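Two complexes follow with chain A in common, the first pairing it with chain B and the second with chain C.
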Partner chain A sequence: DSHIQYERVGADVTMKCGSMDWDAAVTWTANGTDINESRLNGSYLILKNVNLSQSGQYSCYEGSSWHLKYQTSLRVGMPPKEPVLMCRSNNYPKGFYCSWHLPTPTYIPNTFNISVIHGTKDMVCEKDVIPKNRCHIRYLQLFSTVKYKVTLTVTNALGKNSTTLTFDEFAIVKPDPPESVVAKPVPNNPRRLEVSWQNPSSWPDPESFPLKFFLRYRPLILDQWQHVELSDGTSHTITDAYAGKEYIIQVAAKDNDIGTWSDWSVAVHATPWTEEPKHLTTEAQITETTSASTSSFMAPPTTKICDKGTVVGSGAVAVCWTAGLVVAAYSVLFI
Partner chain B sequence: PTGDSWGIFTFLCAALCNLPALPALNCSEELGAGQSIQQTYDLTRYLEHQLRTLAGTYLNYLGPPFNEPDFNPPRLARAERVPSATVDLDLWRGLTDNARLAANYRAYSRLLCYLRVLDGQVGTAELRHRLAHFCASLQGLVLSIGGVMSSLGYPLPAGPAGPPAPPGAHAAPNDFLKKMDDFWLLKELQTWLWRSAKDFNRLKKKVPPAVVTLRLEARGF
Partner chain C sequence: MAAADSPSTALRRRDLCSRGIRLAGKMRADVIDLLDAYVERQGLDASASVAAVEGVPLAAVERWDEQTGTQRLLENLAAYRAFRTLLAQMLEEQREQLGEADAGLGRALAAVLLQVSAFTYHLEELLRLESRGIPGEEEDGPPPPPRLSIFEQKLRGLGVLRELAQWAVRSTRDLRQLAKPSSATGTAPGLTESP
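And then the complex of A and B:
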C-alpha cells in the first residue's frame, strides 16, 4: 500500500522497507531510479539533510523476487511561517473581507482556518471560491463599539502558525479606486482638461455613504503632482494645465467620514486643446482639396466593390459598375 | 467614599435630564431644514475631531490599560445605561426621518448629561477645561438637532421617563470599574458621532431645502 511522508528540509530521514527485517536484502528506487547501496543501512534507506529536490516516489523491492514491498511518496517541505492577514471593507456597510497568504512557500499542502469574534459572538467568514485565500462576512449590526478579532491559523503536516487582527468597524473601510476615469481636452481652452469618473461599482450605497475624491495630475515631463480634494461630484475641470503638454491623471476615493483612501485609479493621459496650425499659402490649400476629392472616387483596394451603402455620387457609381463588370468577366473565364 | 459620589452623580443626572425640552430656534425655519441638516452634520464632524483630542487626554489620565490602543475589554452589563449607537443594519436603513432624528436627540441629551457629571469629578484643570469646552459644543449639537426636528414639524422627544434611581443604585463598586464606565462613555460618544455623520448624510439626501417650504404651506402657515 502507498504512503505519503512529510519531512522538514534539512532533516535526516530513515525509511523502513515496510515489515521487512533489518537484514533483509532489498533494493530501493527513487522515482524509478535505483538508489546506490551506500545509502542503505541494512534494509533501511537513510537520507541525510534532505532538500526539496529529494521529494518523490520511493519504492522498496525484495532482493531476489523483485516484489514491491513498500512505497512512499516523500514530500520535503517546511512548517508554515506566520501568515500575512489583511481585512478590508470595500463595500461598506455590507460587510468586509479578509485575505491572507504565506510570506514564504512551504512546498507542501496547507490548511487555513479563519475565525472571527465580535465581542462574545462567533461569526462565520464565508470562504470565496475565487480567489482562494479569501473569505467575506456580512455585517449584522452597524456602528459597533466592540472590535472585531480575526484569527487565521495555518496548519500543515510539519507544524502550524497563526496571526490575529483586531480592529474597529470603521477602521478597515477602504473603497476600491474610482472607475471609468476619463480626461478630455476642452475645445478652445488650451489650459483646461475635463476629468470625470464613476464611483467604484463595489460601493453599494453612495447615497447614504457618499464618497469624497482626491485627484492628482502632472505633465509627463515633470515629477511633482498637483492635488485637488473634492467633497462631492464625480467630475472636475483642471484649469492650470500647461498648454500643449501631455498630462497623466489619477483619482482616489474615500468614505466621506471614515476609513482610508483607496488606491489610485488607473492613470489616464490627456493633452489640452491646442489651436490647429494655419495653412501657409492659399495655393497649397487648393491643391490639397483637389487631390483629396479625386482620391475619394477610387475604390480602396481593401473594401468590397459595390457595397451598396458606400456608393455615393454618380462618378463613384460609374467606377463601381465598371469594376463589377471586370470582375464578372474574369469569373466567367475561370468557371 | 465612591458610593456617595456616585449616588450624587445619578441624582444630578436625573435632575439635569428632567429639564424641559429645549425650544427650537426660530432661525432654523428660515434657513430651511436642508441647511440645518448640513450644519448639524458639520457639527458632528467638528465634535468628532474635538473628541479625538479629548479622549486621548482623558484616557491618559485614566492610565493603562485604558490608554492602550488595542485595549478591547468585554462589554459588562452595567455599561448598558449609556445609549448605544449600535443598530441592526436593516433597521437603521428603515428608520423614518423622525425616528432617526429622535434617536440622535435622545442619545446626545443623555451623553451630555453623563459628561457634565464627569466634568465635576476629574482631577486636572486642563481636563476640566477640555471637558467644559466639549460639553458646550455637544450642547450646541443637541440644540441643532432639536432645531431640525422642529423645522420639519416633529415633536421633540421627552426627557427620560420615571423617577430618578435611588442614590447608589448605579455606583461602580471600585475605582477600576468606575474607569471602565468612563472608557465606555467615551467609546459610545465616539461611535455616536460617527453614526450621526451617516444619519445626517441620509437625511441630507431625503430632505432637500425646498421640502420645508412645501410642508409649511401644507400646514397652513
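And then the complex of A and C:
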C-alpha cells in the first residue's frame, strides 16, 4: 500500500511501519537510502522539525526478510497564505477576467476555487487553460450600479485561505497598451517627430467604445517627460523636439469615459531629422585655405568642413566649431 | 424594407448625437461632483449600498448591443423624464431640510436638473427626426412616491444620483451607436426597424 503524507515545515513526524508491532525489527529507507537507527523509536521512524529537503519516498522493511511492509510519499510543505487576486476588464464591454497567485509557494499541490456574485446572482467564471491561474466572465448586464463580489479560496492538504474583491463594472476597465507604436522623423523638420499607434487588439469595439490616449516623450539625455493627452486619433506630431537628440516615446490608452489608464506601451526611439553638414569638394579650395595660414597642414580628404552660412541643428554646429579650432591650432604650430 | 436616410437627416442625426454626447459627458462630470457633495452634506457613507428604489430608472440592461435605435431612444427618454421629476423632488426636499443653509447643494442640484431637462429635449428631437411619436409624459411619469423619512429621502437621493451617473455613461454609448452610419439602415442596432 502506498500513501501520500503531507506535513507542515517544522512539524515532528512519526511514521509507523504499517501494522508492525512497535518492537518489531525493521529497516527504514528514504529514497532508497537506509536511515540511521538513531532516528527510530522501536519500529517507528521519528523525524523532528521536518524541512523541505526531507520530502521523498519512505519505505519500511521487515528486519530479516526484507519484505516491504509500508511505503509513503512524504510531502513537506505549508498551508496557503492569503492569495493575491486581481480582476480587470481589458475587453470592455465583453467581460472581465480575474487572475491570482500565492505570495509564497506552498511546495505541495493547491486547488483554487473562485466564486463571482453580482447582486444575488451567481456567475460562472470560466477557467482559462493557459494561464491556469485565470478565469473570465462575460457581462450579462451593462451599466449596473450593483457591485461584483469575487471570492478566491485556495486549499491544500495543510489548510486553506481566501480573499475577496468587491468592485463595480466601471472601476476595473483598463485597456491593454496601444500596439505598433512607430515614431519617425519628419523630413526637413529638425524639431518634429511623427508618432502613430494602433488600438490594442484586445479592445473589441473601438468605434462604439473609443479610447483616448496619453503620449509621453523625452530626450534620452533628460529625465523629465513631456505629456500630451489626445482625445481621438491614433497619431500625433511632436513639434518641440530638441534638434538632433534621440527621443524615447511611449503611449497609454484609456476608455474615453470610464476606468483607468493602461500600462505604457513598449518604448520606441527616434531622432528628429537633421541636415547633413556640407563638404568642400575641390582640392583647389583646400589648398587655398591652408596656404593663407602659412602652414603645411592639409585637412585629410575625409574631414568635413562646415560652411558658416549653412543652417544646421545645434549638434552639428558644435562639431563644426571644434573642427575649425583644430585647424587653427595646427596652423599656429607651423607658423 | 425601410427606406434609407436622406443625407440631411443623417447629418442632422449625427449632429444631434455629437451634441448629445457632449452634453451627457458634461452631465456625468457634474453628477459625480454633485454625488461627492451630496454624500458629505447629507452625512452619508459613500460606500453605502442602496437597494433599488421604486421609481428610479435603472441603467442596467441586458443584451445592450442588440437594442435597436428606437429602443435606445425610448428607454433614454423614459429614464430622463423620470430623473427630471426625481431631481425636482430632491430639490424641494433639500430646501425643506436644509433651507438656505446649503444653497450650494441646491444650486448644484438645480444645475443638474437643467442639464437633464436639456438632454430630455435632445432625445425628443432625435425621436422627431425619426418621425417617431413621442410618448406622452403622463405614461412615463413615476407613481407618486410614498412619504419617506428624512433618512430614507437622503438614501433615495443617493440612489437617484448614482443611477443618473450610470445613465449618463449609457446614454453616451447609446448615442454613439445611433451616430454610426450603419444605424440609419437595416435591422441591426439602429433606428429603422424591419417590417
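We adopt the following convention: the second predicted complex is superposed on the first by the 281 of 335 C-alpha atoms of A that agree within 3 Å, B and C clash if a C-alpha of one lies under 4 Å from a C-alpha of the other, contacts with A are read in each partner's own complex, and residues count from 1 in each chain.
Keep this in mind: contacts are C-beta pairs under 8 Å (C-beta built on N, C-alpha and C of every residue); 3 or more make two chains touch, one makes a residue touch a chain.
Quick caveat: nothing in here was measured; it's all calculated off a predicted structure.
Visitor: Following the overlay on chain A, give me a clash-or-fit verdict for chain B and chain C.
Guide: Clash - chain B and chain C, as placed by superposing on chain A, overlap.
Visitor: If you stack the two complexes on chain A, which partner ends up touching A:Ser19: first (chain B), second (chain C), both, or neither?
Guide: Once the two structures are laid over each other on A, A:Ser19 reaches no partner at all.
Visitor: For A:Thr33, is the partner it touches chain B (first), chain C (second), both, or none of the two (neither)?
Guide: Neither partner.
Visitor: Touch test for A:Gln141: chain B only (first), chain C only (second), both, or neither?
Guide: Both partners.
Visitor: For A:Ser231 in the superposed arrangement: first (chain B), second (chain C), both or neither?
Guide: In the superposed model, A:Ser231 contacts neither chain B nor chain C.
Visitor: Is A:Ser53 in contact with chain B, with chain C, with both, or with neither (first, second, both, neither)?
Guide: Neither partner.
Visitor: Which partner, once the models are overlaid, touches more of chain A's residues, chain C or chain B?
Guide: Partner with more touched residues of chain A: B.
Visitor: Touch check for A:Ile258: first (chain B), second (chain C), both, or neither?
Guide: both
Visitor: For chain A, which residues lie in the overlap of the chain B contacts and the chain C contacts?
Guide: Common interface on chain A, chain B vs chain C: 93, 140-147, 170, 207-210, 257-258.
Visitor: Can you list the residues on chain A that touch chain C in the complex?
Guide: 93, 140-147, 170, 207-210, 257-258
Visitor: Which residues of chain B touch chain A once you look at their complex with the stated criterion?
Guide: 45, 48, 70, 72, 74-75, 84-89, 92-93, 184, 187-188, 190-192, 194-195, 197-198, 201-202, 205
Visitor: Tell me, which parts of chain A touch chain B in their complex?
Guide: Residues 93, 119-120, 139-147, 149, 166, 170, 207-210, 256-258 of chain A touch chain B in their complex.
Visitor: What does chain C use to touch chain A in their complex?
Guide: 25, 28, 49, 58-62, 64-65, 162-163, 166-167, 169-170, 172-173, 176-177, 180
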